[in-house]
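In what follows, a structure is listed as structure tokens, so that the remarks can point back to it.
Naming follows writing order (A, B, C and D), and every chain is counted from residue 1.
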Amino acid sequence: MELKNVNIKGIPTAEFNDNEYLENYIKELEANGVNVVLSKIDELINWGRSNSVWPLIYATSCCGIEFMATAAAHHDIARFGMEVTRNSPRQADLMIVAGTMVHKMAPLIKRVYDQMAEPKYVVAMGACAISGGPFINSYHVVPGVDQIIPVDVYIPGCPPRPESLFYGLMQLQRKIKVEQFLGNKQR
Amino acid sequence: MRSIAKYFSGLFIGISSLLKGMSVTWRELWTKKVTQQYPENRDTLVISDRFRCELVMPHDENNEHACTACGICQMNCPNGTIVVTSQMIETEDGKKKKILDTHQWDLGMCTFCNLCVITCPSDAIKFENTYENAVFTRSKLVQKINHEGSKLREKKKEVKPVEAKPVVEAKPVVEKKAVEEVKPEEPKAE
Amino acid sequence: MRIDQRNKKTFDIYNIMENIKKLILNTVPTAVIEEKQKLTVTVTFDKLHLLAKTLKENAALPFDFLVKLIGVDRGEELGVNYLLCSSTDLSKELVLKTGTTDRENPLLYSITDLFETAQYNEREVFALLGIRFINNPDMRKFFLNADWVGYPLRKDYDANPELNPLSLESVDMIDIAPRITENEKGELVEDTVNIFGEDDYIINIGPQHPSTHGVMHFRTALDGEIVKKIDVHSGYIHRGIEKLSESLTYPQILHFTDRLDYLSANINRHGLCMAVEKAAEIEVPERAQYIRTIMDELNRIDSHLLAWACQTNDLGATTAFIYGMREREIILDIFEKTCGGRLIINQNVVGGVMFDIYNEFQKDVKSFIIYMRDKLKEYDRFFSHNVIALGRMVTIGVLSKEDAINYAVTGPAGRGSGWSCDIRKHIPYALYDKVDFKEIIRTEGDSYARYLNRLDEIEESLHIIEQLIDNVPEGDICAKVKPIIRLPEGEYYSRVEACRGEFGVFIESRGDKFPYRLKFRSPSMALVSAMPLICQNEKVSDFIGIGGSMDYVIPDIDR
Amino acid sequence: MILNYSQPLEVTNLTSWLDSTLRGSLSEFWVLLIEFVIVGALLLAAYAVIALILIYAERKITAFFQARFGPNRVGKWGLLQSVADMIKILLKEIVKINRSDRFLFFAAPFFMIVASMLTFGAIPFGKALHAIDFNIGVLYVTAVSSLGIIGVLLAGWSSNNKYSMIGAMRSGAQFVSYELSAGFALMTIVVLAGTMQFSTMIEGQRYCWNIFNGHISSMIAFVIYLISGHAETNRGPFDLPEAESELTAGYHTEYSGLQFGFYYLAEYLNMFIIASIATTVFLGGYLPIQVKGWVDFNGIMDYIPSYVWFFGKTAVLIFLSLWVRWSFPRLRIDQLLNLEWKYLLPINLVNIVLMVILVLTGLTLTDLLPGIF
């Protein structure tokens, strides 16, 4: 698996941010060694998974509205096959954390994350979810959702515009595409 | 009798209202779709110039910028997104002068309130509309916005000197504590 | 002729207010009356309930609308400010102040029996300042967990994170509320109440639920499909904005207002700017006033469109939702081109606006007005008369006018109950006294009235914009403001009509560049506090529908 | 045999060829066995393929109703979108729920899928594309398709989740009520057609579909059948059991992975089944449009294979159902039951009587205008 084989329609690989992370990730995975046949099947599986990311919207504030705008006609998240927002964590693949996380909410988001079925991914959308954003100095705010659950992609913005969200989701698709389902125990 | 009439009129009014609703969706089925298809339209997509997505420090062809490292942006930032580090050097004519070391800005914390830009006395920074910023690693969001080896553009008209503030040590912003300690301070010159 | 009338009117007001002063002194001879920005009355805590009751029940000018209830740590004493006004004329305002010097176990008397809206506000004061209220039926902390150490808004709050570590353990809900009551003998009794019965079938709607419009937590007792009782839990997005503001300068605080009720971001910001401008006596240029008013109204349309969309979505009509969002996107485009933000636009600053309008602004807005009028007709055809939708809205969730005032439900919801409560009419600000618009009032008080009110208000907003858009004068967009704004010592209030009702700002300044205490009145808090009342005995589906029609925004409540 | 020459695209050719070849070399038992296996496998494959196509179609059509494009990045025009979804669902973890009734929780999705499979087998897709042709086909379909509700109820009960429970209870009430109407509507046509066997019923509609034959009465029955069929499949505006904005995901809240996939597929299949029964009973099934006396026209129409006619008619009905679904808000449970018990059922009862009168007095179109129909 090489990074240049990971294609996303519309944007050339070289123009994506943070390619080093993926390269390192691939190297790490390949250290485990996977034979060719399995890797072909893996590609098919990853193709399916990356193109069918059903999100669970963990929206607490403003970014949730921006997600709604993304889902609506003007930007249409359905083009990526992601309009199937599942409100039940059991059926979702991706948790989009959109908004501030506070102390009172922390156990709940952890619980919802635990309820999700593997494979599961988390996207931190907006400054609040990434770092606490404007409220970083507050007594009741968790400084970033990555303190509670592992985050795969960070989408900065306050709130990120729909195109930024799409970009972040495409980054996630890239990450899913380099994963190995067979022959690798991690995830 | 009246109740029967009501029963049927209710039925027909109801059905006609439903049909009206369906006629609206039918018309929408054939209208032009408003969807703009990012990323396919990446080359033609117009995002307003004023849209704030990323803080940049414009450098000219000589790799020079306008930042005097006064730190006003850092003071005005409501949540400590900007950390300006500077160093004192001695110029050729023997004067002490503060120059910019790093201008560090955390994209993952910025609220895009624009206070840094409007208060900057030398117009050294501005927001740009580059929206493709998502990354896999948190530390990638902490950016140094002055270029490597850049220096202050010498101007004929001196910018009003601003009292030096305590020089803040460059600390990795990933540790949030480090940022928190930087309480906004009031510039003494007005 | 007109001048005469106006004089007569001011004379009347003067007379009435003089009478009120007499009334206050008759009831509580020890009361201290001061003429500040508002008429301020300070009484001892044991007299407050009596005074509030007299003021509420006086026939000449009943002060029956509790606008704000503000807990303040005044240093040596912990106190509460009550901003009261008359429901018939919102410009007649009065501030009651009281306090206690006991910082260990501060106790004040509750006014929940007079103003229902006080209940959640008092619980909030308890959570943030530790003042307990005697006779409040439910003295649980409102925003914070029961085991939270310390009271954040006190000046001596210890923010050490080790006291309140981040816990990831789920805790079971405990439905027992402590309270403190005064019996006939005048003794204080502490006991507990069970919120729910033993056999109640309780479901948790929220905090993470597709249609609570955010992270509200309604513990709902059901009888089959019928809602028996609702218990509101809040604080899942309590970010401590008021505490944070106490260490920020006024221009810095502005960015929080956008994130309270993010759907009326611009209007909230307008409210805070007005408060600061009034206090610092800054004259806002004419051009800025025009831009502010136009942007406010665009923001209102934006918010009402989203509210419409979400309400239809709550009722199960996804397509309508998408249509609403589609129209909204055009406003967002205009915002983006003007201020460089879509949802959170950072437009208003102290003294004016941050960004001037762009060249094509007028053209874009005008074409939007034409487009929107057309779409309003389509909404009417598509949803407003749909027999299913009618069944889900008409006579559902009825809120009477008395209850609306009692629960301080303002905005389209309050006006849907027949209460004229539009700040733009009662206390005109910006350019609202120069434009012609109707205050939309319906008397039914049900979901449908609220629904139609919103659509009609979109039409009125379009009308307002139409009158202003061609007349934007040339000139500065921002007054000259000192880099460091220090407000003179005092208490400042400002009130604006946000999309969901009255948004209010209270600033107590001690002459510093930071506010000593800053409090926002959130319209959504009142809307949610009325939910248990109007949802009782409705079906659980209607509970969702009513929530949609009330259209609250949770971060606005939690702050 | 003349028929076959004029219809070269018909599957009848293939099946009869296969049958005769097999019979040429094997005994009766083996022939039947092999044919059963082939038919079973084909049905399963058709089941999956139809569901995938329907999911894709729904997402796309919905998008067009909502002024957007819908899936268009996976494959050409997003054609492979639902394939990707299925691959993902197949490999998704199946979460085991603590404190649930394990056995029932596991069994519930199978009820759902088996019910729709059983119904699926009895539907005539085209000439010779008809797995079972009972003489009581209509009764069988009505009976078997109502098995699915057990899957819903069990899911709601065994999940140990209050939302699921409410969803399942709503579903129970809804299904029982609307099954009545659907049954009555079909019975109205049985009165008209005088048979319960699908094949006979279809042949009887060669020149005049049942929906026209019984004119007023048939039309009413058709509308009622569509409404109640729509309600039976739990699709909007009758999607209360899984009302997203109220009950997160209703009865299947706790299901993940393949088990959820079963519900997901069954939902679409049920929609297809309702549409195909309506096609068969009301719209002449796989028969082409034919007019008595227009020999050339009939010949051309006959040239189009029967399965195309069948799927075409079904597609129209499915489109209608999507159109309705995406136009209306959701009903409340009491409104839903009101609609059934106050409007549909009384109308239905009157309608059956009316149909009986029509048939007895010879007022059906075939009786009135035998020259044309």
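Couple of notes before you dig in:
The rule we apply is simple: a contact is a pair of C-beta atoms (placed from the backbone, for glycine too) under 8 Å apart; a residue touches a chain by one contact, two chains touch by 3 or more.
The model shown is predicted, which means the values in this text are computed figures rather than measured ones.
A comparison of the A-B and C-D interfaces places the larger number of contacting C-beta pairs at A-B.
Distance from the chain A centre to the chain B centre is 22 Å, each centre being the mean of its Cα atoms. Look at where the CA atoms of chain B average out and do the same for chain D: the two points lie 54 Å apart. Averaging Cα coordinates per chain places chain B and chain C 29 Å apart. Residues of chain C in contact with at least two other chains: 209-210, 247, 255, 319, 322-323, 326, 329, 344, 382-383, 386, 388.
In chain A, the residues that reach two or more other chains under the touch definition are 9, 72-74, 76, 79, 87, 134-135, 137, 158, 161. Shared interface positions of chain B, defined as residues touching 2 or more other chains, are 18, 21, 24-25, 28, 33-35, 37, 47, 51, 78, 111-112. Because contacts link each chain to all the remaining chains, their graph is best described as complete. Note for the complex: chain C touches chain B at residues 247-249, 251-255, 319, 323, 326, 329, 336-341, 344, 346, 354-355, 358, 378, 381-383, 385-388, 390, 482-484, 513. The part of chain A that touches chain B in the complex is made up of residues 8-11, 17-18, 21-22, 73-76, 79, 127, 130-137, 143-144, 146, 151-158, 160-164, 166-168, 170-171, 175. The touching residues of chain C, when paired with chain A in their complex, are 143-145, 152, 157, 159, 164, 166-171, 207-210, 214-215, 235-241, 243-244, 247, 255-256, 259, 262-263, 306, 321-323, 325-326, 328-329, 332, 342-344, 554-555. Those residues of chain D lying in contact with chain C across their complex are 65-68, 162-163, 166, 170, 236-237, 239-240, 243-246, 248, 326-335.
Within the complex, the chain B residues that touch chain A are 33-40, 42, 45, 47, 51, 53, 78-80, 106-112, 131-138, 140-141, 176, 179-180.
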